[in-house]
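The following pair of complexes shares a single chain, chain A, combined with chain B in the former and chain C in the latter.
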Partner chain A sequence: MTSAVTTATPPRPTQPAPSGSRRSLTPAGVPYALLLPAFVLYALVVLYPTLSGALYAFTDWSGRADGTTFIGLENFAEILSDVAARSALRNSLIIAVTVTAVQTLVGLGLALVLHSSLVTRNVLRTLFFAPAMLPPVIIAFLWTFILTPQGPLNTVLRAVGLDFLAQNWLGESSLALWTVIGVVIWQNAGLTMVIYLAGLQGIPAELNESSELDGATWWQRTRLITVPLLIPATTVAMSLTLISSLKLFDQVFAMTGGGPGYSTETLSVIMYKEAFVSGRFGYSAAIALVLTMIVFAFAMVQLGALRRFEVDR
Partner chain B sequence: MRQRFGAARLSREVLMIVCACAFIFPFYVFFTVAFKSQAEVAASPLALPTSLNWENFATAWDRGELGTAYVNSIVVVALSVLILVGFGSLAAYVLSRRLSRLSTLTYLVFLLGLMIPLQLGMVPLYQVMNSANLLGTWTSLILFEAGHQLPFTIFLYAGFIRALPREYEEAARVDGAGAITMFRKIVFPLLRPITGTVVILTGITTWNDFLTPLLYVGGSNQQTLPVAIYAFRGEFATDWGVLFAGMAIAIVPLLIVYFLLQKYFIIGFASGIKG
Partner chain C sequence: MSPITSHSRFTPSRRALLLGGAGFGALTLAGCGGFVNDDGGGSGEESGSGSGGGTVTAYLSTEQNTGIEPLVEPFTADTGIELDIASVAVPDMNQQLPVQLSSGTAADLFRVSPGYSSNVAAGVLGSSGDLLDLSDAAWTGDIDDGTRALSDVDGKTYAFPVARNSLVLAYNLAVFAELGLEPPTTWPELLEVSQALTDSGRTAISHGLSGGAIYLQFYVYIFAGTLLYGPNPDLDAQMRAGETSFSDEPGWTEVFTKYLELRDKGFFTEGALGVPPDQAMQDLATGAAGMTVLTNSGLPALFEYSESGAEAFSIVAMPSSDDAGATLLPTAPDFLAVNAAAKNPDGARALLDFLAGPGNVETYANTLAVLPGLDVGAVVDNPSLEPVLPLVDEGRTVPYANYLWPNGDVQQTMLQSGQQLYADEITIPDLLAQMDAEYAKGTP
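Showing the complex of A and B:
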């Protein structure tokens, strides 16, 4: 069976170069100047703004004419006492952990099923991956309508006699965060699936076949062969999901704007509001710096944990 | 395949089709509501539209100025991707062929950009764009998209170039080709598979981006599609039919391209993200 998912690999020359001459021919002559356009753009758009943002996090910068003063850790102390910021911090962590865990499991499940010999597997892969291609804002508006109290979802639930499940999905502050999480997972589960499908293509078929001959069941093969060999794909899928869900903005901004109350605020959303609604640039930079620290901390912990797991095998 | 088409397999097949139908239920809602009048939506959110009226689409196209937004989105994506492919491949070429400490350090500085949230530099960069009088124009957005996605682009190209044998370049060097000629004539054509991946990944990311476009070009006549749809939602808050027609106009071409090229999209994402 030919694989639908392969990865881009470089071409190989048809004739190998004479060995021995390799060292002398190393192209050291590639001029550094070719690097300049990229570096200048990167410095202008990423390095300079990031570094100055990190510095402004310790100031009361608000764009006023009377200048900016260094205020030490005051902004960070305020984050700890600000109800909106604390709620945002909590929500961002809940979103990151929940979305990463559930989306990884759903994506893995889809990949395992769609890697098998289903007739419809290519069509299904295309369908499950489709939402991940679309603008999050548009997906958010689509779901906003579906989730309205008299909307399609509740209509379906009532039609099948599950009236007690019909909820005010986005209007109930105890529920809204979980609803947003569900929408994010719906949109991106296909992405995790695609990463896992690529990982599955890399597992030699003989490995499964020989263990099948030895009498291993499907579950044993999945647990003892497939899943351990999917750890690199898991690292990639989980880091990607974790980082993007920590920074979640579009879906929240478009569906709830952070409400009801502060129940769906995220760090990105309050950072945006503090900067561009209230004009508190210094404080918003402090929130962004906290977000950055969390992203780095999570990435380190996760890479470390998965690496250790990989080595143990 | 050794498996026979037994009952177990058939039930798995059916189960997955049922799952897929539940999964794409939102798309059914999407395309039916786009054809409904406000009264129809209120009466029954799930029924098929009584008639295929295209009025919603005409209203959305005119009132949402979606034609302009389309042109803006296409220009921003095309130019950002062009810059990313050009600057990114050149930089990655240097970084993977030069094996000095400076080169390694520069590569690491670029990779750092993969993790830094754009939020940290958001206000300072906004101020830079503001003082350069670039807000409200494509230029600011293109600079942002290209600069911000360079780390990922360089990461993809560098991984590919490192696995690319040097023999081609060595042969060209013997023939006396200069660095730029060699890159243009020999190296760049060999990068085609990864260039495809870069184009798909950065193209989709740029096309769908919302936060920065909202800040830079929101409310101007150079706004991109997601921003135009967002503004449109504010205006047609209760008329779901017109809003959904506008959203459909924004995504249908994207969906058609996706379904036609789905294999390349899936390969692109799989190989790109795997790195």
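Showing the complex of A and C:
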């Protein structure tokens, strides 16, 4: 049948031959030539430094041109035996897991509350999202001031009779990491909220309306319709949060410098210190490579797991 | 005009596009090359590689930039050499300089740390051939012995002491007058004064350890100067020879014991580990605290916190023992060095020769409220420094303890693990053992 139709189709009239200049556009090399400048720039700014960094992970480079030798996997062996590196890895994982879980829940909660007919919803959305618009270092300096032992937070707590809650927030080893985590969540929960608001606005209203007519309660509609349809938004929100919290640097460095002692050091912080304080750029590059692999592995596992729960609308 | 004709007019040929792309790439590469090469101060011709004329590039600390500012125009007028100065905070400089030296973009003249105290210290860079040998300069004869130990490597001078800082105990004059207190000159007096301040409801010694705990080291250098290096000036040589160590030398335990004694008696700021250093200075300025330890180069910043400025404070050498006459003043030279690969080495050396003039040493020191770097008879005209000048005149000074430690990681470990010590998470022997482990790694 197809053959018959094809056969029946009259042959297309022969197109006039393009002019010579038109022919010069068609060769396959032209698009590549157009891409070349961008590729050269990308290669210089991204590819070359990235690959160089990976190679330096296998050297004892001190940041100087001379005396760099290939040392194989020695840097990676040192990471495994380095107490500070293991402690930093533990802190990075605590931050990643806690921030990802809590920030997602807080962001989802805010989005559910503000995806309503509340009169002040737009003002509240702006207020909750505003911290995410500010540079992390500025936020960190502000909170460092607020959280000093005699700072505004403790002063307010004491003024309202909650003296027992007044703490040395950044000066206690057991508390400092959780304080930093709290500040990170405070700053970025608004961003997660925005992602969820976008997801909520994409859920067809008729689904909720029909289920409401069928007698479904708010909780049933949330559990059986809203949450499953928000899985794609959850994938985006959790992936972004996990990646940014695994490589957290700004807030930690500005608020505690990794202290007290080593209690808030993350992989990013020791990576920085090894390179720029101790001059061990090779070892620092190895930490960076390990961090990259961890971020990649976590992101892939999380992405795969969440995609399994995604449903078609 | 047909569309095809119109199109063809604005479409370059394949060959032209390829050439254009290659050209862009070449330009990009050339641009990068130019960026790297030009940072050093232009071509040799432009910067005048000979004496007289050209430009000298200088990479200074913010303090050095302030001190040198009044001397820039006179230098240019005198020599015809222009100065192209960039300045940053010392920690940033210490991080950037190794990369600049490695990539060939370092300035002709830059700040270096004393001895072996960081990876950009005079001893480290002098040993690795990154600094110009300045031994034949006339001003090397004006360097005192304590400073020379930190500027020389194997008998060659690699650094110019542009000034000296010292560690002092600053106190609030109004608070002391109100309580009828005199500045302490011995350890027992320090404890008495601190107790009186504490009894008045104030913090005796404001102390902020948040961030990098850099103020912790000041106490170590003060106590070690008087208790260790005063009685035994050869301690560094003995430690380098492996004859003793932080753990084996009882004096180091005494140093940290005294530090913790101040904490245990409640003399330091409450929750010091969570207090930023600048807040500690503010506490002294407002009278919430009576004393604090800082470098004399930090005095201008302290003065700014008070409406009365410099008149609200005075300083004294912090006592560490029962004998007031044994107190030594820890001092630290602030160095400039010339890049071994400088594009204008003669110009850089001419600048150092100019700065070494007695009048210019004086101008620099008085601009910054610091001590003169060279012994050229410069007169310190700064009332805030007067209380410690007798010690300087009598030669009762001692370098910071860390300057001859073999690498910067010993100090870094002391600062970080010192926070753990302050929090009672580790003991003094633990800390000293960790410092010994870093010391044993030697100079990189």
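Just so it is clear, the second predicted complex is superposed on the first by the 276 of 313 C-alpha atoms of A that agree within 3 Å, B and C clash if a C-alpha of one lies under 4 Å from a C-alpha of the other, contacts with A are read in each partner's own complex, and residues count from 1 in each chain.
Note that in this section contacts are C-beta pairs under 8 Å (C-beta built on N, C-alpha and C of every residue); 3 or more make two chains touch, one makes a residue touch a chain.
Quick caveat: nothing in here was measured; it's all calculated off a predicted structure.
Engineer: Have a look at where A:L44 lands relative to chain B and chain C in the superposition and call it first, second, both or neither.
Structural biologist: both
Engineer: Name the contact category of A:G182: first (chain B only), second (chain C only), both, or neither.
Structural biologist: neither
Engineer: Once the structures are superposed on A, label A:G259 by its partner contacts, choosing first (chain B), second (chain C), both or neither.
Structural biologist: Touch status of A:G259: second partner only.
Engineer: For A:P152, decide between first (touching chain B), second (touching chain C), both and neither.
Structural biologist: In the superposition, A:P152 touches chain B alone.
Engineer: So in the superposed three-chain picture, is A:A130 touching just chain B, just chain C, both, or none of them (first/second/both/neither)?
Structural biologist: first
Engineer: Look at A:G29 in the shared chain and tell me whether it touches chain B only, chain C only, both, or neither; answer first, second, both or neither.
Structural biologist: both
Engineer: Between chain B (first) and chain C (second), which does A:S62 come into contact with in this model arrangement: first, second, both, or neither?
Structural biologist: After superposing on A, A:S62 lies in contact with chain C but is clear of chain B.
Engineer: Is A:P228 in contact with chain B, with chain C, with both, or with neither (first, second, both, neither)?
Structural biologist: neither
Engineer: Given the superposition on chain A, which partner contacts more residues in chain A: chain B or chain C?
Structural biologist: In the superposed model, B touches more residues of chain A.
Engineer: On chain A, what residues does chain B touch that chain C touches as well?
Structural biologist: 25, 27, 29-30, 34, 37, 41, 44, 63, 145, 148, 150, 276
Engineer: Where on chain B does chain A make contact in their complex?
Structural biologist: Answer in residue numbers: 1, 3, 9, 12-13, 16-17, 20, 23-26, 29-30, 33, 42, 44-46, 83, 86-88, 90-91, 93-95, 97-99, 102, 106, 109-110, 113, 115-125, 127-128, 143-144, 146-148, 150-151, 154, 160-161, 163-171, 173, 179-180, 183, 190, 193-194, 196-197, 204, 207-208, 210-211, 215, 225-226, 229-230, 233, 240, 243-244, 247, 250-251, 254-255, 258-259, 262-263, 265-267, 269-271, 273-275.
Engineer: In the complex, go through chain A and note every residue touching chain C.
Structural biologist: Of all residues in chain A, those touching chain C are 18-22, 24-25, 27, 29-30, 33-34, 36-37, 40-41, 44, 62-66, 144-145, 147-150, 168-173, 256-262, 273, 276-279.
Engineer: Could you please specify the touching residues of chain C with respect to chain A in the complex?
Structural biologist: Answer in residue numbers: 4-5, 7-9, 11, 13-14, 17-18, 20-22, 24-25, 28-29, 32, 94-95, 98-99, 101-103, 119, 128, 209-213, 269-276, 279, 408-409, 412, 416-417, 419-420, 422-423, 425, 444.
Engineer: Going by the contact rule set out above, which residues of chain A touch chain B in the complex?
Structural biologist: These residues of chain A touch chain B: 1, 4-13, 15-17, 25-32, 34-35, 37-39, 41-42, 44-50, 52-54, 56, 63, 113-114, 116-120, 124-130, 133-138, 141-143, 145-146, 148, 150-152, 155-156, 186, 191, 194-195, 197-199, 232-233, 236, 240, 243, 246-247, 249-250, 253-254, 267-268, 271-272, 275-276, 281, 284-285, 287-289, 291-292, 295-296, 299.
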